[in-house]
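Labels for the chains are A, B, C and D, by order of writing; each one numbers its residues from 1.
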Amino acid sequence: MERGAAPGGGKVPVFRLRGITKRFGGVTAVEGVDFELLPGEVHALVGENGAGKSTLMKIVGGLYAPDEGSLEVGGEPAAFSSPRESEAAGIAMIPQELDLFPELSVAENLYVGRRRPRTRWGGIDWGRMRREAGEKLASLGVGLDVSAPVKRLSTANQQLVAIARALLREARAVVMDEPTAALTGREAERLFGIIAGLRRRGVGVVYISHRLEEIFRIADRITVLRDGHLVKTAPASALDPDELVRLMVGRPLSEFFSRHPHEPGEVVLEVRGLGREGEFADVDLVLRRGEVVGLAGLIGAGRTELAQTIFGIRTPDRGEVRVFGEVLPPGSPREAMERGVFYVPEERKSQGLIAPFSVKDNITLSVLERFTRFGFVSRGPERELAGRLAGALSVRGGGIFDPVSRLSGGNQQKVVLAKSLAREPAVLLLDEPTRGIDVGAKSEIYRLIDRLAGEGRAVLLISSELEEILSMSDRVVVMREGRISGEFGREEATQERIMAAATGVRGPSAAVAEEEAGR
Amino acid sequence: MSATQQTLRGRLSGLGFSRELVLLGVLLAELAVMSQLSPVFLTVGNLLNLSRFFVEVGLIALGMTLIIITGGIDLSVGSNLALVSVVVGFSYVWGLPLGAAIVLGMLVGLLAGLFNGLFSTLLGLHPLVVTLGTFALFRGLAYGLSDADAVSSFPAWFAYFGQAYLGPVPGQLLVFVAAVAVVWLVLSRTAFGRYVYAIGNNEEAARFSGVPVERVKVALYAATGLLVALAAVIYTSRVSTARGDSGLGLELDVISAVVLGGASIYGGTGTIAGTVLGVLIIATLRNGLLLAGVPSTWQLFLLGVLLLAAVFVNEFFRKEES
Amino acid sequence: MSGAAAAAGEGRAGLLRRFLARPEAPALVFLAVLVAVFSAVADGFLRASNLEGILAQVAVVGVIALAVNQVILAGEIDISMGSMLGLCAIVAGTVAVATGKLLPTLLAGVAVGAAAGAVNGLLVTLGRIPAIIVTLGMLYALRGVILLITGGDWITGIPREARVLGLGSLFGVGAPVLVLFACYVLMELVHRHSGWGRDVLAVGGNRSAARLAGIPVDRVRFWAFVLVGVAVGIASVIYIGRAGSVQTNTGAGLELRVIAAVVIGGTSIAGGRGSPLAALTGAVLIGVILNGLVLLDVPGVWQDAVLGSLILLAVATDVLRRRLIGEKT
Amino acid sequence: ACGVGQQPQQGGEQGGGEGPNKICMMPKLVGIPYFNAAEKGAREAARELGVDLVYDGPTEALAADQVEFIEQFIQQQCDAITVAANDPDALAPAMKKAKQAGIATGAWDADVAEDARDVFVNQATFQAIGYKLVDVMAEQTGGKGKFLVVTGSLTAPNQNAWLKEMRERMRQKYPQMEIASVQPGEEDLQKGIDITKDYLRANPDTAGVFGITSVALPGAAEAVQQMGLKGEVAVTGLSTPNEMKPYVKSGVVEKFVLWNPVDLGYLAVYVANAQVEGTLPESGTFKAGRLGEVKMLAPDEVLLGPPLVFTRENIDEYDF
């Protein structure tokens, strides 16, 4: 990379935004924001859900044209009308929402829209393509069958493919929009290693995340957005977590994890010998009234599959699920809902929400029949419930009649939660409920989980954030390769013990074993 | 698209130009042009009489709209119509009382629709593929059962279904209006209607929300089968003949009307009002051109061009989607 | 398949799984079963001349299906092929009668087809009208054009020199079969080894992601529609070669037959998944069924019923495949 | 007020009031040479008689579409409506409605139900056609052998009637002739060629092929020509001369049968006009322009004449 020194000794920014404003209809997503990325720096972009982080970066990525303001790349004015032009200018994006090609192989996904390796006769050199893709993924520490279609991969692995896709290009700037949202600690660590490598090579990295500890680990500078406005840009060393939260939320956050342990009551949900060929086996699990059980594990441990099988989205090959002592008919989400079990999916976009539906219609979809008289929906009570729940979870960014697609990711997640509350379930299966959610909303969700437990509901909390699991759970269950590999009470649960159970190895050699498990 | 176009479109859609309103405009423009071409066109008598020719397509289009909103399609409707017609006609000839024959026909139509629904949902096959098969199967059954013969010796009262008038109003128009009202209410006011849209927009999320996806779909195909059967009885009565080649090419007429009405074949969008307007636009076009003495060779051409023009106008006014 | 090298070391079961994972596997299996059954029960089915005859008969549908396959893979649809074939055949036939030569005939057919395909493509991409409506409109409009320009008269007496693609043969294999096979090989190469061929899959698999990845989505879709036009042009010359004259309803109902071939072969109507082999298999499968119906002397009135049942059986085979490779829901 | 088939309002001003008579004439479908030829004759007659002729019909041979046309003709206040019906009964209600509106009704080429029209212009009786087809074939095959029949659509009533007469003729006169199979060509040239080829390959003992529509016959002839079976498999049937000229010239088809559709259209207009004028006789003959005296088969049926047999010698005299 050759970059001339700018007058005054500073470096020429890789790109610079000046006075950027972007409106969507009546909503102003960002207003008058300045932002610059220097070569070789990691510049974190933080803010609450809907603060405008993704929007700002989509302008850099050529997805949106700004309504006002200008863009400079390498010191020259630039205007992108398509992602292609942005890429040509050396900017690579890892989008927030996974956008891969499910039917195409892993290798090919890395090369879509790029120059593919060619053979002497002009055909595509599939061998080389697979080899190079395998190498790229290996450098991320991922060993995947590169000729398998991407639809077969777990979310986490898909996220890794998306990251590899962006890194495959020799870019001057890499924009990462919540790359670790779907990753567990292990993969996240690898990513940080890669980011360090990029920075050494003089590549600028924009890093968007809601995980503050990550920010302080890797960022050189931090820019805070609030309600579309620039609040502050400062060196990371000049800020501390409390100060950062205050800048983001506009007020100090008193208590982050709120948990008031209660005495667990009777058994509500009982899973016996549940198994599904190739996914998980021999799972026994008990949930009691008023209890929050954390379910931890590495990627691919099968937690999502287990939860979905309990809910009836998947049909088990073996075993049974009992709710209040009665056997739940397998394979029927409706039946599970009737009996008081509800599952909040990890895939918000494809499983949690109907994007063009309004906030109200999404919230009430699962309870619609409750409002029907002679088959007709009585709209008054429906609106009332939706309004109440949206208010309770402080859904922001749109009214209850606005399409949910217009909300930011975090607010969408709140709608998904509101939907589950509408059913007032006795058992709530939460699959990564805080993925991609800002600190404020996170703490609201933790308060909500605590309240639900306090009301006597049973909560299964699936999470890849160990801190979250440790702080929120009364009991921690760990899965490894489809089996329960450990169970710890609140007092016994520690980071080391959980990791040991998740990887199957104790003590200092755990890290090595983790490596092994990844293969 | 140029900037001026976008702002024009933005301004107009800001005024509340919905798809349906645009289609209404198209229909009114068409009425105006046609009344200039033929003095007979814009008479109450003609317009009412004209209604007798779109009721069958219209009835089926109602069911097809819902199916298309869920992202499905039913190509077998024309063949199913022939099958029902033949069943009614031949079971009557073979000795069943006509009333019972009609009930049997309705049942066959319903079962045919049910077959489409069950076959595609239980086996997880795209309805297009399944109904391509039943498109041939139902037609073949109609030919086979009738041995390619026709029945027309119906008793006089059978004519009520397709040839009766209440005052100046053709009987089947009233049936159609009633069916429109029912389907419109179901789609816009019931939980079932909400489920239809949910499935069309995101089937997986609908399933995670406890929407009985399979049941809704099967019900839709079965209900469409029933609407086809109703149309078949009206049709058979109107032409007082039951024969295996009835309804040939009907599926395209129906789908034309539905997509002209704004339903997307990718699912998720569509309204009953749009479909009804689509049906009316095509029917008045055909009628008007005939009355104006435009040779039918021109009609195909004009029908195609109009379809494109109407949808283009519609897309032009549609809100920008990012 | 060329991927076999990568599968080295995998056992037989691995190869079987790999085969079963391919989109056209169910149709191929069903085709094999059907061929076996017909060979056993229908005299003369397995005769070389009959098999060659089947392929010659599916050539028109097959060549078009190979192109429509690309449109469907790109997540679009084209149902204007029937009228388009009629128009191409009329123009190509007229040129054939006038010049008596193959080349101008072929050029005329392809030019008309490409022009019609380009109109489809432009309306879909620039006009932003859904493809189903564009091509439905074209289906009506082009049929109207045919009636208007011919006034309903046939084109007859097409000279033999211009009918080479229908009547000629090389080493005992008929020209239609050769053309079909050449088109298949070409499409297989395009599908596997051209940037456009891969982009089509990406666009059909996830259009917004394709746009993000910098693929010129509109250009990719546009060329798919043009390709259909070109294929229809070629097919029209096979058609006039085989038929010797052109009637005004040439190609009526062809669109459904072509789409049936593509989707029965295993290409997903939702786009993004499928292969040229699927289109070819589907076309041959339908050809075999139709041939078997005549050989077994199935009464005319029952032929559609049998055809429909066999199509349903063929598509249901997919369920068996999913069971075998353990794809779960 | 509810009634069946009682269309209120309208109904044309009939009889030779002021202005020329308006005759609405509908073929089974437009856009095929056969009906184009009929239109030619009809226009010729209309010119001679000074009547206003509307000649239009559906673009596909569908009875339901024809009903719509008849209704429109009624709205247009025609003085006479004459139709070539795709289905005798399907058109009946609409034709009766026309009758009630005081319009002179008739059928040509293919009849509607007898009580739904005043007169039928018959080109040739089913029997005459069926017998003639078998006779022509018998000449070429020595009165014996197995035969394939390629039809148009399976449901066409006139084709079924011809088939019946053909079988009858074989039973009576040529007991060694047998119709081994009837295959639908679906009015599609290519399909006709394909099924003929398939069938002949599977049944090499076939002595001849009948193609009994104007699409099926050229298809059958093309198939026999392509398979090089000229002289071994006889081909005959019904079709128009322009389409058949190549095959008659090459000798694949020796003879085929039809009437003259130009004359048929011509006659239909003369008859319709006579209906309006009230000059159509009940029996005997009827003077129809250049055709001269035409026979009344019955009070409500006019016969064009015997079928024409086209051969290499006479085919160039016709252009339709």
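The rule is short, and it goes like this: a residue touches a chain if its C-beta (ideal position, glycine included) is under 8 Å from a C-beta of that chain, and two chains touch if they have at least 3 such contacts.
On a predicted model such as this, the values are computed, not experimentally measured, just so you know.
*Asks:* Where the centre means the average of the CA atoms, what chain is farthest from chain C?
*Replies:* Centre of mass proxy via C-alpha means gives A as farthest from chain C.
*Asks:* Suppose each chain is reduced to the average of its Cα coordinates; what separation in Å results between chain C and chain D?
*Replies:* One centre to the other, that is 36 Å.
*Asks:* With chain centres taken as the means of their Cα atoms, state the distance from chain A to chain C in Å.
*Replies:* 43
*Asks:* For chain A and chain D, what's the span in angstrom between their mean Cα positions?
*Replies:* 73
*Asks:* Need the CA-centroid distance for the pair chain B / chain D, whole Å please.
*Replies:* Centre separation, chain B to chain D: 34 Å.
*Asks:* When you check chain A against every other chain, which residues touch at least two of them?
*Replies:* none
*Asks:* Where does chain D touch two or more other chains at once, residue-wise?
*Replies:* Those would be 30-31, 59-60, 154.
*Asks:* Which residue numbers or ranges of chain C touch two or more of the other chains?
*Replies:* Those would be 143, 147, 152, 300-301, 303, 329.
*Asks:* Could you list each pair of chains that touch one another?
*Replies:* Chain-chain contacts present: A-B, A-C, B-C, B-D, C-D.
*Asks:* Can you list the residues on chain A that touch chain C in the complex?
*Replies:* For chain A paired with chain C, touching residues are 63, 82-84, 87, 93, 95, 99-104, 108, 112-114, 116, 122-124, 126, 130, 147, 276-278, 314.
*Asks:* Which chain D residues qualify as touching chain C in the complex?
*Replies:* Touching chain C from chain D are residues 30-33, 35-36, 59-60, 151, 154, 181-184, 187-190, 193-195, 197-199, 201-202, 215, 218-219, 222, 225-226, 242-243, 245-246.
*Asks:* Which stretch or stretches of chain C touch chain A in the complex?
*Replies:* 2-3, 6, 189, 192-195, 198-199, 201-202, 205-206, 208-216, 272-273, 326, 328-329
*Asks:* Which stretch or stretches of chain D touch chain B in the complex?
*Replies:* Checking each residue of chain D against chain B gives 1-10, 30-31, 54, 56-60, 62-64, 67-69, 71-72, 75-76, 87-93, 113, 153-155, 157, 160.
*Asks:* With touch defined as at the start, can you tell me which chain C residues reach chain D in the complex?
*Replies:* Going through chain C, the ones touching chain D are 42-44, 47, 49-50, 53, 57, 60, 143, 147, 150-154, 156-157, 167, 239, 242-250, 252-253, 290-291, 294-295, 297, 300-301, 303.
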